[in-house]
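Take a look at the structure below.
Letters A, B, C and D mark the chains as written, and numbering starts fresh at 1 in each.
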Amino acid sequence: MAVDSAKLIDIIKAIADKITENREYLTELDSAIGDADHGINMSKGFKVVVERISGMEGKDCGTILKTVGMALVSTVGGASGPLYGTAFMRAGQAVDGKNQLNFEDLILLMEAALEGIKYRGKAGRGEKTIVDALEPAVEALKLHREKGFEAALKEAVEAAKRGMEDTKNIMAKKGRASYLGERSLGHQDPGATSCYLMIETMALQLLGDKKA
Amino acid sequence: MAVDSAKLIDIIKAIADKITENREYLTELDSAIGDADHGINMSKGFKVVVERISGMEGKDCGTILKTVGMALVSTVGGASGPLYGTAFMRAGQAVDGKNQLNFEDLILLMEAALEGIKYRGKAGRGEKTIVDALEPAVEALKLHREKGFEAALKEAVEAAKRGMEDTKNIMAKKGRASYLGERSLGHQDPGATSCYLMIETMALQLLGDKKA
Amino acid sequence: MKKLINNPELVVEEMLEGMVRAFPQYVRKLEGYNVIVRVDAPVKGKVALVSGGGSGHEPSHAGYVGKGMLDAGVAGSVFTSPTPDQIFEAIKAVDGGAGVLLIIKNYTGDVMNFEMAADMARAEGIDVESVIVNDDVAVENSTYTVGRRGIAGTVFVHKIAGAKAQAGGTLEEVKAVAEKVIKNVRSMGMALTPCIVPAAGKPTFEIGEDEMEIGMGIHGEPGTMRTKIKKADEIVNHLMEKILADLPLEDGAEVAVMVNGLGGTPLMELFILNRRVNQILEEKGIKVYRTYVGEFMTSLEMAGASITLLKLDDELKSLLDAPADTPAFKQL
Amino acid sequence: MKKLINNPELVVEEMLEGMVRAFPQYVRKLEGYNVIVRVDAPVKGKVALVSGGGSGHEPSHAGYVGKGMLDAGVAGSVFTSPTPDQIFEAIKAVDGGAGVLLIIKNYTGDVMNFEMAADMARAEGIDVESVIVNDDVAVENSTYTVGRRGIAGTVFVHKIAGAKAQAGGTLEEVKAVAEKVIKNVRSMGMALTPCIVPAAGKPTFEIGEDEMEIGMGIHGEPGTMRTKIKKADEIVNHLMEKILADLPLEDGAEVAVMVNGLGGTPLMELFILNRRVNQILEEKGIKVYRTYVGEFMTSLEMAGASITLLKLDDELKSLLDAPADTPAFKQL
């Protein structure tokens, strides 16, 4: 695996497309247990992300990721803006100055993203948040490191998906859904869902690359 | 024809019943070209009328009619309160002190009621108001005076009905419906309708009396 | 019918009780009558202002009872003019010896009931005058109507005549300035949804999911035109065109603006309307002296709005600027 | 979607423009940011108050910018917390050298965004403190939640902390009194209908023609319970029971009351609610010091209401009584 700045930009653009395609779906999920804006907020943010990173092929990967983070922080608002914003900014710091990312870099930046979200949101696993999709994915990446990046990445996507689906069975303890108590049961968390969609898209981009 | 105070009270109570039965219908008519309250206003007023005249059998007919008028003025509000209130008060003044009313008294009090409405509302025939039902009825009573009270009364009811129905074909020039301009065409006037219902009820009561 | 009420027949009584309990420092209720008066009524030597009409237009009119505006607000049933005896009681309660001005919205019922009350009061020796507000340009004033309706512009009459009375104006002077306001104020409204009169229990009219009614009255009376919903700016363009056609304003003229919500429309939308009102006036070189945005003359929960322009001169400006302290209209 | 708007994506911008055009004597907008500040900001030597949150709660918060209340109101997208850079700009624009207090409603997003802004401002040497308002008793405060939500009680924080700052209080003093208000204020709301976020174009939730949602949040978040609509008095009984269970008031205690409409509910109904609120307090021997009835913290066009009680002591009473002059909250 080797991702240069141009490829990184492609991946982020693909994530932006995916989020935009799922604008209604994410909002729908948020309307059940939140305030019905997650898809709106995220797609608004990624629209600006795409504007800001277009033409940044000449910059290093760290700068690009930090730009994504800044764009999300300054446009999304709500809970997901600072959370995903911090995640991307931390990811960028983790790979600062690099023009090319390898598998180890990917692990580094994903770990940094997870830490950023946990720092900002103070949520742990099992509280029905983004963490429930992201943490299993990061763990899977590390656990299956030796199998090579392709296999590990597939495991990570699977883990994120299971984590996302499992949010249906847990009561929210963080974020707006926590106000619902037991009424949050049975509903899949919007943030965990957007997180899964991002990981899945990234993987498809990277695996497609490998196969090609 | 001879109506004593007890019979007069019965007639008024029958009118009150009729208005209450037609509460929704009159309101419906008012919703098309007014503010959807004519039936509500009138039935509220006649409820108080019935309370006030109950037990007034010992009083003269003029006093009873004036009591009806006062009750309507002080409870109905809107346009119909002062109009019908004035009508009944004037009718009462026209037969002041009488314990028994004959056909000539009926004509007198109906004329006085019409004058009262025209004085208060300044409407003439053909402006889509109460006048369009009441004036033809009063004219018919007088025109057919010689045929006897029964025949004349039937003519009056017919005339009121035609007048009421004709309001469909005229544009309102008085009251709330006048704001509608041509859009008031095709709709029957609520006030003309309540007026017809009162005249019809009175006639049924008087004719029933005669036949019995 | 989704309403926070107890009994449709008692909404007016319970509302007034809730109002007096909220604002005892401003108002009290006349025992046995749906009449709200200044807590310090009658104010000796001051011309007293009495207004009123059907209920359902809150905060009109009782919300404007207080220093610098009304002395009494008379509340009829929902959308139904109050009765003469109520109005008569209000007049007696607030007359401080300097006479009473009745501010009447131009509806057949209101005019008749207030006139009957004025006759009753004059018969008792009280000096009573009245003015009739007819600011709604939706309906053309022609020999075929009873004149234009009175809507939100009425609040400017309360404010300015109230300031004149508070400043010690005579009945004649207060009436004259009220008439000046009436001559210079124009309004027009529109609605997106109907409202439900509690005693009726169903909407005053039906309207499609994509339709609006232009020129809507404040009692659910049909307007002048029904069309597809348009953008806020286009709606304002239309209303302003009608208003400005009726109230010609030379370049440099000064106006007060009121953007009034009918009850169900959020403040956000009223501000969006005001943006366009202000743009249009700017384009025409008309100066906005003061703007009021909010709910002043409502129609229960109806969604919609009206726009009012009042052409100002120096006298009207200084009276508009005067302080007022009432439950629903405060100016420092 | 029946709304008086032009473009769902531009509602916040156009609203703020309409607001500034309406009230140039009170407020101005920061170029390039959805931030409304006092026209005379920064006020030298005065502690500055900054609040904000998602839009759709008008007149909160920009409507409270003015003398005796806020120095800046930061407007996020509809129902979405503003971003740190916006808040940071607001802080910089109003800091008059005496420090800045951020008044934050307790939502995860708001807390995170305001905290990030505070960090940015502190990095520039500005003295920033914050308080978090959590008055909504609908959701029990337990280890399983992020604490209670902030709703209409926030307006009392604006009023009282604003008065303290206007009177020359230090940042520490202003923060202390804001925290005293937060400790003593409780609210709870309910809704009859949902609202439509313009960018979403459809209702935030579905609810039956005969149902209501108790404990509803101000962003269309589900409440604690859905039941058949009850009479106004029964609804008030329930809300007051919850509030009083959380804010024990001894006989003779004094409170301020706020009956707040969520946007679509007419004033008439709010007064009917206040009648019962007042009866209950009277029965319990609790004295009502001041009552506010109207729209203070709305949820677009949602029909419904919230009740807020603030327990008062002498300090809070005198600050509550202080004059305020803002577009949406005036007190003489």
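For the reader, a short list of remarks on this structure follows.
Just so it is clear, contacts are C-beta pairs under 8 Å (C-beta built on N, C-alpha and C of every residue); 3 or more make two chains touch, one makes a residue touch a chain.
Since this is a predicted model, take the numbers as computed values, not measurements.
Between chain B and chain D, the least number of touch steps comes to 2.
If you take chain B and chain C together, no chain is in touch with both.
Taking the mean of the C-alpha atoms as each chain's centre, chain A and chain B sit 76 Å apart.
Once the centre of each chain is set as its mean CA position, chain C and chain D turn out to be 29 Å apart. The mean-CA centres of chain A and chain C are about 55 angstrom from one another, to the nearest whole unit. Centre-to-centre, using mean CA coordinates, chain A is 33 Å away from chain D. Shown here, the protein chains touch in a chain-like sequence that does not close on itself. The complete set of chain-chain contacts reads A-D, B-C, C-D. Against chain C, in their complex, chain B makes its touches with residues 27, 31, 33-37, 40-41, 44, 73-83, 120-121, 171, 173-176, 178-181, 183. Within the complex formed with chain D, the chain C residues making contact are 2-7, 11, 14-19, 21-23, 55-56, 58-59, 63, 192-193, 209, 212, 229, 231-233, 235, 257, 259, 263-276, 278, 288, 291-295, 298, 300-301, 303-305, 323, 325, 327-328, 330-332.
Chain D contributes residues 54, 76-86, 107-109, 112-113, 116, 138-140, 143-146, 149, 197, 199-200, 204-205, 217, 219-222, 224 to its touches with chain A in the complex.
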